[in-house]
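Single-structure report; data block below.
First chain written, first letter: the chains are A, B, C and D, and each begins at residue 1.
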């Protein structure tokens, strides 16, 4: 699905979490994925998407940009009704998964299981964290990426990279000290190119966002504005 | 996707839960769905399938038999990362969802939420139960179907309809007393046509099964044997 | 600890859930239990309390009114670190447990396990529900009592018995139709004697409440006002 | 309840988790706590106990050795029915809590919440881990103690300190590198003084165990044997 799987995706990157919004389901989800693909090509920037779970295989087969699952369950293939295995994520054509999103927290032993197993399957894990201490803890598990998102800023439109630059800067510094090659993203409140630029200047390798694009009146315009922060 | 959505599916029915087996993921999942479709057509019987979660939209677009999600989360569309909404299940082209499978139990208030919301979306719910008391409790919530599966028989190859006929017979009787039109399935250990026939003779409207077909050396042959119990 | 355990407690009853409030922890929890005991004796009414979990054995040994656990886990005695068994609740001197409180919902199969096992241990279960449909479902499991609490009224001071009398009246009617001897309580927003009287007049066997007493400036006065609704 | 609370407990230490065994409930739980207290005094060694949850306040008021909760929930005091707050643990007279036991795993953000809040309340946290990677992750959160327990050895009678000495030695080394003053315990399969001595020789500050004492025919003799490893 993407050159670079296994070795990682091109950074800096914008990772778009489609969540379970009405604006990103069904045909709208496919449309949004195509917008991301087109904007990535036109602006020569790296954009990855996280489609709604039941649409992962469908959308991953229709676009050439990297797709991530929004969540994966800490289980091996087998008698696991309604759970999402890493193996099914891989077969779906995705390059990896978000892990431990603030809306879908996991137990530490399960994050360790997922991160290790994903690595052995050549899948990428983007583990979400809520502060610097937890970011350091997760860095010890050596995931592909860490996305720090202070919960109090999520969905506010007040970007972490503007409102709380220290958390971004310190997370980058501490995580890279523990796990040199770990990609560090920041999220929460990111809505425009200026927010993205601020994140990159603080050392982040990209941003993770959702409502800023998905719920924008003009999704394409919102995305074009965002990628201007990478250019 | 299916004539009958909303009004229900044709009974007696065989509902095949693909779980998260390696034998039902990716191309194998598509292949298994196609086998089900072909056998249903050739033998003029009703077969429904529950693909792996991330493949639901893909598979539902490729076969004409009814597809169910294996699980749905008790959430409305919105900021729900990695959760599966009923709305996304519907957009995926599925006709409904398994609910409360023994491997994925739900809280009673959440089952009530899902059953009610599914009905308003014209989606079908097949709620799994573990005994007669719980079947009666669920019947009060008026789901589309109840599938009773004694946990101790699941995956054993010892069919509930042969080993414990009373639980099937009594569940049918009690559920239909409370909710006259509720479809009643039985599961656990069902592996061949004789097991299916026994279930139907006990009053069940069909069976829910998984490993008996998914893990069979010859999936098509296993399915053909099963449907012989409906003919 | 209480005459009547096993056969039930005297009704009409006021069940006071101490939750995890700062006003009901440690010495304050003991003090509140003693106030309840004194008011029950002085006014010859039935009051039961649910102390904070780690204080259950201590408080149950210090008062003569019935004590309930606030929650019990669906496990048998054994390797269950940090879980509360029905057996430990019984050894603590409690007469039973709240089950499925709106702040601590349980899976339907687990409620069935707890209700059945409690009955075999001669312990009383008060299962909380959120609406009439769920009340009917739970009634099929034959618990000792059902406490219906519309979530939207909990903690509001707007009593369910005044604001939504139909839900109380219909729950009583439907539950007793399914399980004739089941005690029916109502909760949510109950704060004074008038609310209690209204509940009793609607057919309820008592009320379940928390903040109306625990967080009152004068806990004794609040309780005395409440019990006036029983007199 | 104990000199040393806040500054920690005397090491090397044996921490006895009473779990939810029938052999440690009610009067038997009190008796077991008293045995621990007597053996600790007679042999001048440090023993801490984790009573069953509903008995915590009762037992902590009856013995002079340090008591820990078996589990604490990641919640602040308030409307939290059936949950155990750190504040209630403190009021109960306990010195702290086990956290994230293998039978009661927690989300990473919740462990961070509990460890931080416990420190501010002068309570001690013993966080259980399953391997070296997770031990390092938890060390970044700076708990009072880490107890590494390979799940495959728990309850086997095959002591981690004999069967897998490297995991003990490496956990001690890695944890103390990240958090110099963090106490490191080991658990899983520890049943006699030789196992304890091996743990101490590998650098551990003590052991965490359960069935080896609780389910012993002669609990006192088992404990006396264990403490011989500390002498």
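Definition applied: a residue touches a chain if its C-beta (ideal position, glycine included) is under 8 Å from a C-beta of that chain, and two chains touch if they have at least 3 such contacts.
From a predicted model like this one, the values you see are computed outputs, not experimental measurements.
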Steps in the shortest chain-to-chain touch route ending at chain D and beginning at chain B: 2
Relative to chain A, chain with the most remote C-alpha centre: C
Cα-centroid distance, chain A relative to chain B, in whole angstrom: 33
Centre-to-centre distance between chain C and chain A (centres being mean Cα positions), rounded to whole Å: 45
Chain A and chain D: spacing of chain centres that average the CA atoms, whole Å: 37
Shared-contact residues (touching 2 or more other chains) in chain A: 102
Chains touching one another, given as label pairs in label order: A-B, A-D, B-C, C-D
Complex interface listing, chain B residues touching chain A: 17, 19-22, 25-27, 29, 50, 52-58, 61, 69-71, 75, 77-85, 87-89, 91-92, 94, 98, 101-104, 154-155, 210-211
Chain A residues touching chain D - in the complex, by the definition given at the top: 100, 102, 105-112, 116, 129-131, 133-134, 136-142, 178
